[in-house]
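Here you go, one structure.
First chain written, first letter: the chains are A, B, C, D, E, F, G and H, and each begins at residue 1.
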Amino acid sequence: MPKRTIADVRINSLWCKRCGICVHFCPREVFVSGEDNLPRVRALDRCTGCRLCEYWCPDLAIEVLIDDE
Amino acid sequence: MPKRTIADVRINSLWCKRCGICVHFCPREVFVSGEDNLPRVRALDRCTGCRLCEYWCPDLAIEVLIDDE
Amino acid sequence: MALQDYIRSRFFPHIWCVGCGHGTALNALLRAVETLGLDPSDIVMVSGIGCSSRMPGYVDFHTLHTLHGRALAFATGTKMSKPELTVLVPMGDGDALAIGGNHFIHACRRNIDITAIVLNNRIYGMTGGQFSPLSGPGVVATTAPYSTYDPAFDVMRLAVGAGASFAARGSTYHVVELQQLLVKAISHKGFSVIEVLSPCPTHFGRRNQQGDSVEMLEWLKANTAKLGSKAAEENPELITRGIFVEDERPEYCEQYERILEQAREG
Amino acid sequence: MALQDYIRSRFFPHIWCVGCGHGTALNALLRAVETLGLDPSDIVMVSGIGCSSRMPGYVDFHTLHTLHGRALAFATGTKMSKPELTVLVPMGDGDALAIGGNHFIHACRRNIDITAIVLNNRIYGMTGGQFSPLSGPGVVATTAPYSTYDPAFDVMRLAVGAGASFAARGSTYHVVELQQLLVKAISHKGFSVIEVLSPCPTHFGRRNQQGDSVEMLEWLKANTAKLGSKAAEENPELITRGIFVEDERPEYCEQYERILEQAREG
Amino acid sequence: MERCRLVFCGSGGQGIVTAAIILAEAAAIHDGLEAVQSQSYGAAARGGVTRSDIIISDSEINFPKVVQPNILVCLTQESFTQFYSILRPGGLMLLDSDLVEPGMRVEARQYKLPMQRTVQQEIGTNVVLNLCMLGALLCLRPVVTKESVLEVVKKRFSERFLQMNEKALELGWSLAQESAPSSGDQRGSAPRPTH
Amino acid sequence: MERCRLVFCGSGGQGIVTAAIILAEAAAIHDGLEAVQSQSYGAAARGGVTRSDIIISDSEINFPKVVQPNILVCLTQESFTQFYSILRPGGLMLLDSDLVEPGMRVEARQYKLPMQRTVQQEIGTNVVLNLCMLGALLCLRPVVTKESVLEVVKKRFSERFLQMNEKALELGWSLAQESAPSSGDQRGSAPRPTH
Amino acid sequence: MTNKTNNKIAFVQGNEVCAEAALYAGAGFYAGYPITPSSEIMEHMARRMPAMGRRFLQMEDEIASLAAIIGASLTGHKVMTATSGPGFSLMQETLGFAIMAEIPCVIVNVQRGGPSTGLPTQAAQGDVYQARWGTHGDHAVIALTASNNQDLFEMTVEAFNMAETYRTPVIVLIDEVIGHLREKLQMPDPDELEVVKRLRTAVPHGVDYHPYLPREDGRLPMSDFGDKHRYNVTGLYHNMWGFPTTDPGVIDGLIHHLIDKIENNLHQITRYKEYYLSDADCVLISYGCSARSALHIVKNRRQRGMKLGLLELQTLWPFPAGLVREKCSGAQHIVVVEMNMGQVVHEVKRAVDHPERVYLANRVDGEFITPTNIKNVLRVIMGRGV
Amino acid sequence: MTNKTNNKIAFVQGNEVCAEAALYAGAGFYAGYPITPSSEIMEHMARRMPAMGRRFLQMEDEIASLAAIIGASLTGHKVMTATSGPGFSLMQETLGFAIMAEIPCVIVNVQRGGPSTGLPTQAAQGDVYQARWGTHGDHAVIALTASNNQDLFEMTVEAFNMAETYRTPVIVLIDEVIGHLREKLQMPDPDELEVVKRLRTAVPHGVDYHPYLPREDGRLPMSDFGDKHRYNVTGLYHNMWGFPTTDPGVIDGLIHHLIDKIENNLHQITRYKEYYLSDADCVLISYGCSARSALHIVKNRRQRGMKLGLLELQTLWPFPAGLVREKCSGAQHIVVVEMNMGQVVHEVKRAVDHPERVYLANRVDGEFITPTNIKNVLRVIMGRGV
């Protein structure tokens, strides 16, 4: 298995409706709820790249960018 | 069980449509197909009073009369 | 009351064809009603459109001859508005399960105390022999001149799948059994479905080498078996007869009574 | 193709409420289509009317937004007339099983190669929170202020009873599983039904003490179990997820090809 | 050719409509005439009274129904009772002598032939009663040629039934040749609706 | 009383419509006035722009919609953008200062109050933002009496929520009392449809 | 009416008024399927009926809803269902059954923008002709409408009354604006409005009862399913016992009866209001929500001395042609105000002596027609441009 | 046509003619549900279509049938379904969808006696107004009819042509008499009648295609589902891309487009026949089966020197009012002959200059209207009793 680096977890703030699902369910607690409830990545380093947040997001507002080496 | 006498097996010729079901299926072959296919009782004495003919008849055209003693 | 007292004899002989199974089904139904000693003024018979749906004309109950496929919807209103009535709904296979399929599954789901009698002749009799959703593959019909490829519903599986609390199948060959099944179906508290295999010699028999009514009854005799019987086990091709499900579930109108109470209390 | 290539991004953010499960279902469906590497020009999405039925607006396939309850009937015509198309039909629970119940069971019966996705939020979302035939008893809805007493359909039992050759249930909490189920459903040759437990926080959650979307997903996590799992066996109250049936049966359009041949030969 | 208006009536299974179509088609396709054919069924789903109207003419036919036929064929008692009175005075009435007992006088040339009995005896089935009737009719009133009818029969029936039908047609023809009208009464017996 | 035309707008969950009904009902039932209230929703199923029209008058109201309000309340940016231009020149505009950033000059008496922030701080929830708005509005323009509104509020809300709503109303009132119009600009900035 | 207070004045929505009026009229059974913008009627019934011991049912679709209330009407209940365009289209076959079998029932259609799914939340009056001609075959119908809460209450009660009087479905044809508009309702006292009871046969048990034999006064007494008279109901042509027939005389009699019982009673069925008609040389004709805008402009122009008047129709079908002719006899201009591409305007043209003087002021873009829209049409008619 | 012989003259039923004409016009997909008296159309298709490699489908009801052909039309097929009154009533919601989404399709309604189940096997022409107004909301429709086999063939082909030309459902409104009447048909050669092909967009892949943007000539080119242009189809008001909108301007434009594309082409859509009109002082106006009786009496009276003429309408909707006015301009009496309680007669009254000269000769008892029935009306009109 190639080594994976999590390049970024991006939130599309225009599409995100602030439901809080990603914040609540990310197994690694990567997000916090920021101003106006917009999720903010607080600890990218904790992210395992499981992509669950991407899958859960009802608004297709999350993109997990992974560098496969 | 009281003794049963079969008083009569009556065919309502105005209702009967001559399908032949009674003639064919009576377990005791009580009927024959008569003129114009109207069933005719040919052997009342053979009748056991099982009433199956009455039940089968699609035209409600048969009545089995039984004297219960 | 005698059987004759339950019918409108002035309309006999009825309009059904020579040897039509629907006549035998009517016969069995009347005997079931007689057995139960029901007062005809307590019975409502509701039907749709089709040969089978002509049944209400012949019985001296309150009778309502409605629209193709909609009988159960009308009947639901009748029952809900006067739950003390016994509501009987004879339906054709097309009527019940082609155009009327939705009302059928919803009546099963609700478990409203109505008895649905599906007169299954595997064909649209009234309109002249088009195939139905119960014809099954390999049947010749006016709309299937090259024979059908449409799979059939299994009425029992569908009824059970939709939540029916009583489902049984009988045939117009097995008349005594049929009468007994009808007695049970009518007595059942909740929605009951009874499928009656009822030959249509005119449109099914003739086109499908099943011959006249006598031959079609012989076919039923040879091709059906009692549920759980040895014959049925040995030959899975046989169509099974008997009670497929008989559950106690809350009846719909009774449930509404609970709502009425709850609402009255506040 | 990337996920973004399958959507009409100009219409985002979509109209669904904060945390609506339908968005997550769309997400999973897009990933399933991506996994299968389908060409969007080969896909037709057909829907009825309801919140769920707004899905076609967001996907860059051929899209057909029809009438409440009728999506499968339109889809049947589309598929039969051009069998090489992949036909996806997202439906609401009311859409699929209240007004649309008849088309649903007939599609199951025919076994036509369409994928029906029932987005089950147990409520009429679009019209403001009336109960649906999947609400089940004890639910508060605008048309059931004293709570419902109507029994619910079990979509899996109904689909199987009607003859579906593929039936599966997933949830928007179990997203990876859901995506996999969708891949299987789409790949299945024949009619496939997939029920997606998809929370409606706005109308169901609020009225029924299930809270917002996060709490509703927690509920799904706690109240469902994999089919055949120990949890499911130990607690029959749990809603089961997984594949309920996966049969090989002749597909409808293929059967028609046989008729075409037969007719051509005479 | 004078306009000829025919009504065939009987019960559902007797092939009344088929006979009517054969006749009209023979006229329209093979004899170069104009012809229309239609049918109506009674209230009963099946087995009730069936009626078929045919008009044959050498000019365009607009109104396609027959109000007063000049030829009436009745193959059941019930249909006779229902329709005998519409026959145009002096018209031709053809009946099966075993199936219909007129019982009243009709102002017409009436032919009663034992058609059903004959086909049953000679061919062993009564499903070809209709063709027998057609044979008899053509002999009595050649509205179309027998050859044309045979052409249509050939096209309509499979090998298996063809011969049987042809034979029935000939049987009817012979029956009619031997017959004479059984009632020459020219006075009407009951008021007749003129519609 | 002069006819008063109001438009409340905002997003789905903000209780815009409830506030409008309370206001209109207070006028109609308790202040003996005529009042009509209606609402419309944007294309989005939910969460889109919601608008409610209220007319209050001492004479019969026939046309029930508001074309040019003399009072406009906006509780979201989107609704502001959509509707700011319909306000009658010189009318009153009430905005939540945290939710709406006008960005353009409007020919009106404009009040921007931190209503949402205040209820959140003082009551701990923003579900009563609508009542706070109503309180502010009544203070600025007493279209109905506060007592009447309180009557309606009492009837509509269960014990559990009553106090909270009453408090919000008072909070709004106080906020408004302290405030002054933030924009006295009397010139229009963009052409305004007259409809 | 949840928010009813003292003096029985309530501040409510049209849809709630319609539901409450049905209860006032004695509706004992409701079945329905939700659809915007009519759902509040159903929701109000769901709340109120159980508390009153009456029966409420949510069905699987609109066809089943109408079927269910017909089934319930036969057991002796007054019944109602409500829907909007798409549901009303679905009901057409079943509506025809109610007409043919002469079943009293009330169907509310809260119109929205059509055709098809159209504009679910917006106002239109495009179903007027459909109410008349939506089902197949010849028939007659009664359709009522209203433009404000007080009238809507009365018209709904009237709908029940007419349904019972004429043994026929009656359509209450309102629109999104009226259905959703909140305003005052002075709730009538229990005996304030006339409520027509179900007319039941006086024929005793054992004597032949004819469910389809009109009395001297044209009414057909009913007998409840479950009572002692057992009869037949069918959608086929039928005789006076309710049994199917193909007898041409009976058929001819039945179809004429179905139409005459309504059209010959046009006078009794007609409801309308008039404003400033006595001296009007321009008559506006309108109904439902549009009539509000029309009345607004009439009052407004009267203040300026223009002789404008308004005839507000509350009975749309059977169309009160005689009334329209009479009220327009002195008019130079007649302007029909409606929210469609022209429906009632056609009937008005047929009714009046000078159809060339009839104009249409309409709006079909989903927005409520404004007084200004009407004013513009008036200006054009007067030759003054817009 | 099973019984077709040499010279391509066949002796067939109207229903078979209709089916055969559909195949001639290129119908590639049929879905239906049987109903008397239309079933033979479906049965004929069931036999013929598979042999021609085309697709035939029996659905669970009429709603599904119409839905299925719409779904099939979008993949590029010419499509048809056939039914009778009860089924046509059920189709109304779906018909509105086809109108709104501009889907070419042909719907045959073989009329029988209504309302409701009515008279399933008997003749009537009671669905004329329903064809126009059966679905909710404003809209326009095309409805054609015919009175004999040859015309029926042509009108059915025309129906397909108009469906394609105007992207709209076209209704072929025949009746039990025509459907079941057997007479000659001279089968047209393959190229004898014009067959309008589906107009497909020329816009190449990658260039923005607007499914709802009319061309200069008013037509809207289509693109098949499965081809490279992916667009949206909806029953909501929509913009030129097919996406929902509530923009009042777009809504207004769409509803006008839907109506104008048909009504502005009235001239192209109108089909009719005329007999002895040039000097007629009494004009009969009729259509479908009734026109046969009308023509019979016209010819009959002409022999006696009466100046009777016949205008036979083949296009019923949009109603050719101008044509009727023109053809009746010299008439002292105008008699509409139809088998209903009066439907086309209302349109005729609206069309002509002297509505008071318009009479109705009708029959509604299930029996076919006879020349004698018409004669009796003529006698009354002439003041000579019956």
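Assume a residue touches a chain if its C-beta (ideal position, glycine included) is under 8 Å from a C-beta of that chain, and two chains touch if they have at least 3 such contacts.
Remember, predicted model here, so these are calculated numbers, not experimental data.
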Pieces of the assembly without subunit D, by contact: A | B, C, E, F, G, H
item	value
From subunit D, the most remote chain by mean C-alpha position	E
Between subunit D and subunit F, centroid-to-centroid distance (C-alpha), Å	41
Geometric centre distance via CA averages, subunit F-subunit B, whole Å	87
Subunit A residues counted as touching two or more neighbouring chains	17
Multi-partner residues of subunit H (at least 2 other chains)	50, 60-61, 86, 93, 97, 116-117, 122, 234-236, 244, 246
Junction residues of subunit D, two or more chains touched	16-18, 67, 98-99, 101-102, 106, 126, 133, 146, 150, 256, 259, 262-263
Interface residues, subunit A side, partner subunit D - complex	14-21, 24-25, 52, 54-61
In the complex, subunit C residues that touch subunit D	98-102, 105-106, 109-111, 133, 146, 149-154, 157-163, 249-250, 252, 255-256, 258-259, 262-263
For the subunit D and subunit A complex, residues of the former touching the latter	3, 7, 12-14, 16-24, 26-28, 30-31, 172, 175-176, 179, 212-214, 217
List of subunit C residues in touch with subunit G within their complex	11, 40-42, 44, 46, 56-57, 60-67, 70, 73-82, 84-85, 102-103, 106, 256, 259-260, 262-264
Contacting residues of subunit H [partner subunit D, same complex]	28-29, 31, 50-51, 53, 55, 57, 59-61, 63-64, 67-77, 79, 93-94, 97, 224-228, 230-236, 243-244
